[in-house]
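The same subunit A turns up in both complexes below, where it pairs with subunit B and then with subunit C.
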Partner chain A sequence: MPRIEFQGVTKIYPDGTRAVANLDLVVEDGELLCLLGPSGCGKSSTIRALAGLEVVSEGVILADNNRIDHLPPQARDCAMVFENYALYPHLTAFENIAMPLRARRLPVPEIKRRVMEIARMLHIEPLMGRRPRQLSGGEKQRVGIGRALVREPAMFLMDEPLGHLEAYLRIELRAEIRRLQERLGITTIYVTHDQEEAAAIADRIVVMSGGRLQQVGSFLDLLDRPVNRFVAEFVGEPPMVFLPVERTDTNSISVKGVPLQLSEPLAAALRATKDTNLTLGVRPNDISVVPPANEHLKGVVTLVQPQGSHAIVAVSTPGGPATVIVPSDWRPAAGANVGLAFAGERLHLFDSTARSLLHNREDSNG
Partner chain B sequence: MTVALIRNKDQHVSVRRSASAWPIGTVGYLVAAIFTGFCLFPFYVILTTALKTETAIFAWPPVWVFKPTLQSFYNALFVFGGRSAISYLINSIVISAVSTILAVVLGAMAAYGFVRFRFAGKRHLAFWILSTRFAPPVAFIVPIYLMVQKAGLLDSHIALILIYTAMNLSLVIWILRGFFAEIPIEIEEAALVDGYSRLQIFWRVAVPLVRPGIVSTAILSAIFSWNEFLYAMVLTQSRAATLPVYLAGFSNSMGLAWGEYMAVGAMAVLPILVFTFAVQKYLVRGLTFGAVK
Partner chain C sequence: MAEVQLSGIHKQFGAIRALRGIDLVIPDGAYVCLLGPSGSGKTTLLRCVAGLETVDAGHIRIGNRNVEALEPFARNVGLAFQNYALYPHLDVRGNLAFPLRAPRRRAQFDDEEIERLVRSTAALLQIDAMLDKPVVTLSGGQKQRVALGRALIRNPTVLLLDEPVTHLDARLQHEMRVELKLLQRRVGTTTIHVTHDQLEAQALGDLIVVMRDGLIEQVGSPDELCARPATSFVAGFVGDPPMSLLQVRLEREGGSLSLRVGKTRLRPGERLARLLDGFRDQHVEIALPAEDISQGHGGDVQTVSGKVQAHEWVGRELQIAVMVERTLVRLRTQQRLDLRIGDELAIQLNLTRAHVFDSKTGRRLRSSPN
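Coming up: the complex of A and B.
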């Protein structure tokens, strides 16, 4: 299994859209890497460039230090799973899975053996005689995955494979994909816009936005050490709360006149910058609702959304709207006056260019 | 519908519902039957005249019930003139079949190229192909006659095959372009990733998916080639002459032998009828449905 390396890869479409800009990325042998980002962030273009379906405008793609970006798709040994399944409508499920093997002119008994083996692995043996239109969405995508796996490719590329499926099927199939990937040890790149999915199956997650790589790391890295405001906002559910900050002097800051307790590393980072246009970022989990008092930011509860184990509370504060997660046994009523207390050691500060004061050196890029 | 159901509570609601779903009642069928009969009547006359004896053909009032005879068919095929209808029939079949196959194969490849590849002047080229059909064929008859004559191809199968292929190509290309454009690109991308070359994808993925288009263009091409009269008349005399030419010559050389004339006419319709019925089961639309999404 190869180690994939993108070096300065740029993809500009004929209409001038810069889908991917100067991408440097290493995909380790055998890992499952997720490309995560909103639609139009360049994640699909990246995977398609690797598959050979798009020509790279600049930069090179290496597989085990051999250039592959000039090779036609059929020479790259990538298998791909598509969001809309892309099965051959005129062929049965069996023939669909057999197609990559027929392209390689394998002997017929060998093809039959390998297709049935994959079908067993994916629990779709009884469906082998059906055509795609007689299959449900989940069944189609199992066939799609089977077609990708059957020839034991060097790389496994999945472009939002579960995007069109229902929620319960997504959870079921993603677990299955992860199990298969671990068992076969195939280097896999998985594109998704669903952070929960990425968190559930990825070894590492690449967050992309506007064609640029924002941050690479485990899901926890992204949650706890976002390098910029985009990652902080995009990763984590419900999204991080941002509040404008007044800088009173070099050492201290406050939100609407309420001073903040800063952890030592954050205070040090604050001293190191002269930027006065700062934004506070705090996870809804790291805020607690307390009785209103002068040492806390005050606010009014506007909406309470019970979630079973917890409730999501929307609070309107002088600094802007905030979201708080509270235990379900204590639930403020809408319209209640409350105070918000922040967990001081888990605060994030972003400067005027939206970069994190604390984690901006991409030190989490391991 | 809801309103109608409430208002007609006491009437036959279920009947009304099915009628609104497919609005053909008894009257509709009657109208359809009359129209179908009207369209088929000439064909009925051709067939019955061919099966009548000479006296029965000219009987007045017309004879509706008679004992059919194959004498006219026998005469047309084996008795008439030096060359019988059968050689014209064979010419028609050969020329129509070859030109149809050529037009569909070449046209499918060209249409696929127009849909899937990016090249300079693509739209102009597509328009130019269509524009070859703008002028009435009779406008080209003299230059084409001269070309065929200079090439030494007068009265040859190859001349008609080439001309019919060229005439059908623009139609095939324009119809199949639409069909190929309907194939979701992901299916072909999947095939590329699966390890197939462009040409393999064309034959193994794209062509099977546009089969309804292939069949309909083949039918249209075959009908055109089968019925084409003007060029066949001008460019062939005997060796490569087709059935329409033979039919047109009937009245001049023989006076007018109605029975034999109608027998040849019936035979002229038959092959194309059989061909159309044989392939129309492949005219199933929506094969690509359910492939993606």
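Coming up: the complex of A and C.
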């Protein structure tokens, strides 16, 4: 299985749209990498360029240090699965999966063995005699995955493969995909707009926006060390809370007159900038609801949503709305006057260009 | 605004008995979620209240009227569906006004009145800026707001919602949940919301009705369902991840009771020992919340082990499913474990809060049988 490298890859469509801009990215041998971003961020164009379905405008793509971006698609040994299953309607599930092997003129017993082996892994053995219209959406996508993997490709590319499916099927099938990928050890790039899906299955996640790579890292890296406000806002559920900050002097800041306790690294990052247009970012898990007091930002609880072991509490504050995660056994009531305390060591500050004061200098390819 | 009373509701489709005797009282102004897997009868029940299905037996009372024999339009209910069911050729205004322009209502509303209602409803749902837009140009969340507005415009006595947010993406789902709940608080309309998503039901419902195979398993507040699930089915459905169900064998040696899972004998602890006093040599089913299952070897009798079936990051936590003696046990950990599917994992079970169920009936055990 190869290591894939994008070097300065840019894709400009004939209408002038710059879908991917100067992408540098390494996909390690055997890893499952998710490309995550909103629609139009360039994630699909990136894997289509790797598969050879799009010609790159600038830059090169390497597989184990060999240039592949000029090769025809069939010479790149990528298998691709799309959101719409693209099965042959007149063929049985068995024949759909067998298609790539027949095209290679493998001996019949060998074809049978390999199709049934992959069918077993995907738990669709009993369905092999059925045609696509006799299969459910989830079953069709399993057949699609089987067809992609049966010829043991070097790379496995998936473009929103679960987009059409019901929520419970998505959860079931993504676990299945991860299991299969681990078992086969195949280098996989998985495109999705759903962070829950990316978090669930990826070794590393690439966040993209406007054709540009924003950050690469594990899901926890993205949660705890977002390099800019886009990543901070896009990743994490419920989303990060943003509050406007007044800069009182070089060393200190406050939110609506309430001074913030900063960690030493954050205080140092603050001293290093003259920017006065700063925004505080804090995760709902890193805020506590406390009795109202002058040293805390005050607010009124607008809604409480129990979630089993915890509850999601919406609080209206003079700085704007805030969401807080509280443990179930200590839950305020709607309408209550409360204070909000922030976990000082987990705060984020964003400057007027939306970059994180603390994390923007880190190697974003971490 | 009204109380809704359902009594003895039965509904059959051919050989399928979709509803097998439903008795339920929904208090005036309550937000009630009907929760269950597909095929449990929750949507059929909603459709019966709406009048989209006729009941084979039983009574539906909305306020002080029996409505089971009435046509849907005469029941004064507002309906919103998963797929919005908007009229694609109309703009937002046209969709909102549609229920008011229905032939049977022509006499009721003049154009001026219709425009006034459209505007106040649009303002309520914050879609007043897009009244002239064709609905096909709207985002999923905006379409859902229009569908809700259409359901609310006639000021219905009951609002009926069928999976209204399920197919939106995760971020939008959470936003729409908040909007729905705040909206319902504002208008105060008795609301019945069908969902298969237990976290959605917990977030929204004053009361949750858990359904299974055409019957009600339990009615309770979100806290009640988690703290005292009435059946093992309910226990296996609630929690994040849902509670794990284990078949255990009770064994009594001398005076002491142990709960056997495979080869491991678990100590019951004081509360369970009291609950199970008098039970002997039989199987029971226990349910453990994910908070009471932890990864790691305690080196004592409360440790079991199994093979990792799945592992996923959910927020800051790793959720792990482990097969222990043919049962899937689900737990969460904040540790960064490098797990592979098939790895052997030791886990510790804390039984102090375990729920115990009769393994034949699935009902919660309340006291000893003798």
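Annotations for the structure displayed:
Here is the rule we use: the second predicted complex is superposed on the first by the 364 of 366 C-alpha atoms of A that agree within 3 Å, B and C clash if a C-alpha of one lies under 4 Å from a C-alpha of the other, contacts with A are read in each partner's own complex, and residues count from 1 in each chain.
Following the convention adopted for this analysis, a contact is a pair of C-beta atoms (placed from the backbone, for glycine too) under 8 Å apart; a residue touches a chain by one contact, two chains touch by 3 or more.
As the structure is a prediction and not an experimental result, all values here were calculated from the model.
Annotation for the three-chain superposition on subunit A: subunit B and subunit C fit side by side. When the shared chain is aligned, subunit C comes close enough to touch A:Q305, but subunit B does not.
Contacts of A:A200 after superposition on the shared chain: subunit C is touched, whereas subunit B is not. By the touch criterion stated above, A:G59 is placed in contact with neither subunit B nor subunit C.
Contacts of A:P161 after superposition: neither subunit B nor subunit C is touched. Counted by residues of subunit A touched, the larger count belongs to C, out of subunit B and subunit C.
In the superposed pair of complexes, A:G319 makes contact with neither subunit B nor subunit C. By the document's definition of touching, of the two partners only subunit B reaches A:Y88; subunit C does not.
By the touch criterion stated above, A:G217 is placed in contact with neither subunit B nor subunit C. Put simply, the nearest alpha carbons of subunit B and subunit C end up 7 Å apart when the two models share chain A.
Here subunit A touches subunit B in the complex through residues 51-53, 72-74, 78-80, 82, 84-90, 99-100, 103-104, 132-133, 147, 151, 157, 164, going by the rule given at the top. The touching residues of subunit C, when paired with subunit A in their complex, are 166-167, 169-171, 174, 177-178, 181-182, 185, 196-197, 199, 202-204, 222-223, 226, 238-240, 289-291, 310, 312-316, 336, 340-341.
Considering their complex, residues 167-168, 174-175, 178-179, 182-183, 193-196, 199-201, 219-220, 223, 236-239, 285, 302-303, 305-309, 312, 314, 328, 334 of subunit A touch subunit C. Within the complex formed with subunit A, the residues of subunit B that make contact are 184, 186-187, 189-197, 200, 205, 208-209, 211, 287-293.
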